[in-house]
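Each of the two complexes below includes chain A, the first together with chain B, the second together with chain C.
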Partner chain A sequence: MTDSRFRVAAIAVAAAAAIALPFFVADQYQLHLATLIATYWILVAGLNVVVGFSGQLSIGHVGLLAIGSYAFTILAGQHGVDPFIATMAAGAIGATCGFLLGLPSLRLPGFYFAMATLAFALIVGELSLAEQDLTGGGAGLAVPGFPAPFDTPGGFYWLVLAMAALVTWVTANIARLMWGRALVAIRDSEVAARANGVPVFRMKLLVFTFSGFTAGVSGALFASLQTYVTPETFTFELGLFFFIAIVVGGRGGILGPFLGLVLLTLLPEVVAPLARVGNFFYGALLLVVVLAVPEGIGHLVSTLRERFRPIKVEKQPVSPDLTRLATAIHAGKRG
Partner chain B sequence: MSVLVAQAVSKHFGGVAALDDVSLDVRPGEIHGLIGPNGSGKTTLLNLLSGYYPVDDGSIKLGEIDLTAARVQRRAALGIARTFQKPRLLATLSVLDNTMLGCYPGTRAGFLETALALPRARRDYASARDRSVEILHGIGLGQILDRRARLLDHAEQRFLEIARGLAMKPTFILLDEPAGGLTEAEIKALSRIVLTLRDSGIGVLIVEHHTDFVFRISDRVTTLNLGRMLKHGAPEEVRRDPEVIRVYLGA
Partner chain C sequence: MLTVLITGLATGAIYAATALAYNVMFSTSKVLSVTTGHLSMLGGVFGSFFISVLKLPIPVGLAGATMVGIAAGLVTELVAVRRVLSRSDEHLWLLSTLALATMIQQAVGLWWGTEPKPFPRLIPQDFSAGLLDQKYWLPVAVVALIAVGLELLYRFTMFGKIFIAVSEDAFAARARGIATERVRALSYALAGVIGALAGFAAGQLTFAFFALGLTLTLNGFIALAFGGLGSNAGALVGGAALGLLSAIATYFFGGEYQNTIAVGLLMIVLLVKPEGLFGKKTVRAV
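Our next item is the complex of A and B:
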């Protein structure tokens, strides 16, 4: 199909551009922003499986990000653990916390689940302030970097980029293969999901645990990028920011939330007045998207096309091919 | 071959008895019609068989396997498929993707295998896709594989839900008012599909208001009234029963 060939070409061009980016940036700050987007994306890509596919509205992933950041900082900074091992440990701790948070809360209906994740983020924030011996309290902690060749801004960017690419590939596999359809069924019709044998709770818990892992890894890289973490780094607004990026980008895709994240990160940088209004900008953008393109900017083109040039559905009576139907049924007969 | 049996089942909602001591069995390779006035408990019985409600009393069995306490998912995995009065489709997904959801019980790959696209996950996907394409062509939706479900007309939605049930490789399929809202020509197509299912050895339970359709294709018919069994037997026998005529069919 030309469609899939086009897709492969587009991915190749995007990958080449992303890899070559450090040679084209005007200053170190632009490279820092690109690294920040890639770091955030590792979290958002995992969260997207939870929010965009399985439809569970978590607004508290900033809590998991904070846990990953502190785990990395404490392990690598104070106990001399190798930064790569510390990153994986941060992911494992994030996954464990995600599992423990999801275990009681994923059985709750949507609104209460969102509240549980909100409470979790607030608790993590308070604990990071209170547990001074562990986190340095309000004074914070200095974060170690990665060894050469990842100790330069360009080297670190490539490291984060490679991990972001890996996470993207993994979420694309989940979306494309059988799990993707089951997750969308959980989101759009739990009744249909159950009728088709989908283990609803177990699946929600697994993808939520996975999102805890990516949030933990993202937290480790985020801390290293910031070089210093304090409880103020992990504001509740940051958790909302991740969530809004997915809603603005659109549910049920991967490119959309990525575009949403890039847009939300870059626009306030490019358009200086927007930075001053901060949360107002995010609120306004969210409102515009929800009202004008509820499917998200990832579906902007197809939404506009359907609105202005509706697909002509030529009516054809359904005419079964019974021989083929019988053959198809027999092909799968249970022994 | 195992038989799907509801034995003396009762179900109450609040103080109201939706079903009271009703027994019914569905055999492989047979069409069993379930008719009765509104509120007689037809859909409730279907929900008890597929596991959406637990029974208050009585038992559900598939052959020797006791399903009385089994969850919906386990019944699906054992080959009991169903459709809904109002089709439950995934509006944003294509016809093909909706059908592939029905192949979920055959999925072997776990989360890690899927995340890393290991061979078993890719095989699950490929076989689900091939099977779904064949079923969709067979059922008459082969020319609109890529159309999103929300763009389908009513008949296409009904047929798609049956296709999704068949993707599951069912031994039984429970159809909740499959003829509802269909034209005469579409009901004819539906009849031919249901007869093909029966001839392929699948046990079909049809809950339906369209009594002509039920009497025409069923091997056995059960009539409910006010949660109780009114009459059970061959279509001709039930159709002529004075009590059935009095409470349901009319003169």
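Our next item is the complex of A and C:
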């Protein structure tokens, strides 16, 4: 089986398994977890383009998630906007906020940018507590659900899954085409990228705005899944969680961050003692990965695949034309 | 209004101390560690733990808190910086110090609890002293002492001179036979001392609170960026300015907008004068 056919088959199997998941889960909580992972993934896939491909370390995307959540809640819950339109509007508002945040902060070097996004997350938390008329303050707001057929847990799961698949497809295209190459060039050497005609700042701003859009959409679905939002939902640690999922999974791929996200979400569920020390565990995991495998655990997968791939030996038999060689040598001696 | 100014100066002093700790670590390693604010947090929490919980005398508590700060500084250097600096990836230190900072903060949160706990009185004083209360002047005095001490250290001791040599050009210092790795480790220990002392002195103002570290990491960095990276005078001025501005903003707009205003200040400074008030313009050889 060739590599691309193998890839298509793998994707088909994974998609079939993901679609059939509601029929296999043992209880509603497992389905809730699967929906949560898909919701997070919409954000993480967008953030991955920023962190994994263009190398901008944003640790404050939870701020954009919160903005999307509140936008959806206020539009759909208080103004009676259709939930689908409200979701798209939440994405648009997230993109706008991402654009406005990126406009000054993406000009800053690494640590400054990370601090700016950290500050952004804290500011959004602060404002969502302060603006009581809009967000309900610390008491929070109830979030409306989606209309039938998406009002059941299974139906909602399929809706989120479809959106997650769409976002994955878009990011895969970004990564595969010229965009992705330009972003990787920016990540690896900004000066070299600029010298080769990559509009560095414009590219960064574009992907950051895109990640704002996915964060907004993810926020809308997240709010609907949680059915109730308060400022305490959007702690800075949640933003760190998304970031750590990407770094642990591996920057510069799509499968890696997905594995990282699944691992980080499920491990505390499976191993009970980890749930108690939740964020400490995430920090420790990040430290171990950064020190031991800076490329991320997704890199391990591709390394193993390389190891077990059947080695194709290319034979290039050499059959010199001896008589012609001999005449050439003789001609050389005479001349 | 006087209350506002004095509160502002006292908070500004802690920001300034964090900025100084940033500077000390940055000058030898060119790393801005996310754990910087957590050093002060550890000073406050362990000061409270030693004095209030274990009932140790105050000098012993101070020494203990300082030792914890030194240990945290050394652990930062050993775990999060040393191994990472030898790799070429320039952002890796941000990830490793962020990971360590998260671990420190969460470990303290699990052990100490997530509620702010009171810090003991250090000097016998009546609570009716008002604005002359020790919780206001103690941080300012300690930070002033730290700044003067650093200046004396740099000017008059061999270690200070070695330190400056390493910060100017680590490669040349190494060629002169200076063990730059050891100087770097010592500078992290020194930053631990600064952070822990400041956190200890400001404990009555900030309380012994596990989440203080992240706030200080951010605000200390804003003070540093405002004053100019690498400049100790800039760190002091930036800290004082940020503290005063936050206090005044809180007075006029309410406490909910503190971060918004602090970051607004940072953005304006970075857009107008990217190297900060006292910073050196970096010229890159091409």
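What we mean here is this: the second predicted complex is superposed on the first by the 299 of 335 C-alpha atoms of A that agree within 3 Å, B and C clash if a C-alpha of one lies under 4 Å from a C-alpha of the other, contacts with A are read in each partner's own complex, and residues count from 1 in each chain.
The definition used in the following text is that a residue touches a chain if its C-beta (ideal position, glycine included) is under 8 Å from a C-beta of that chain, and two chains touch if they have at least 3 such contacts.
Nothing here was measured: the structure is a model prediction, and the numbers come from that model.
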| item | value |
| --- | --- |
| First (chain B), second (chain C), both or neither touched by A:Val301 | neither |
| Which of chain B and chain C A:Val270 touches, first, second, both or neither | neither |
| Which of chain B and chain C A:Val8 touches, first, second, both or neither | neither |
| Touching partner for A:Ser319 - first (chain B), second (chain C), both, neither | first |
| Touched partner set for A:Ala284, first chain B, second chain C, both or neither | second |
| Which partner reaches more residues of chain A (counting touched residues only), chain B or chain C | B |
| Common interface residues of chain A - those touching chain B in one complex and chain C in the other | none |
| Chain A - residues contacting chain C, complex | 55, 57, 59, 104-105, 108, 110-112, 114-116, 118-120, 122-123, 126-127, 129-130, 236-237, 240, 244, 247, 276-280, 282-284, 286-287, 290-291, 294 |
| Contacting residues of chain A [partner chain B, same complex] | 170, 173-174, 176-179, 181-182, 184-185, 188-189, 191-200, 206-207, 210, 252, 311, 313, 315-334 |
| Residue ranges of chain B in contact with chain A within the complex | 50, 52, 71-73, 76-77, 79, 81-82, 84, 88-93, 97, 100-105, 107, 109, 111, 114-117, 121-122, 124-125, 128, 131, 134-135, 137-143, 147, 151, 153, 155-156, 159, 164, 166, 168-169, 171, 185-186, 189, 192-193, 196-197, 199-202 |
| In the complex, chain C residues that touch chain A | 32, 79-80, 83-84, 87, 89-92, 94-96, 98-103, 106-107, 110, 214, 218, 221-222, 225, 254, 256-260, 262-263, 266-267, 270-271 |
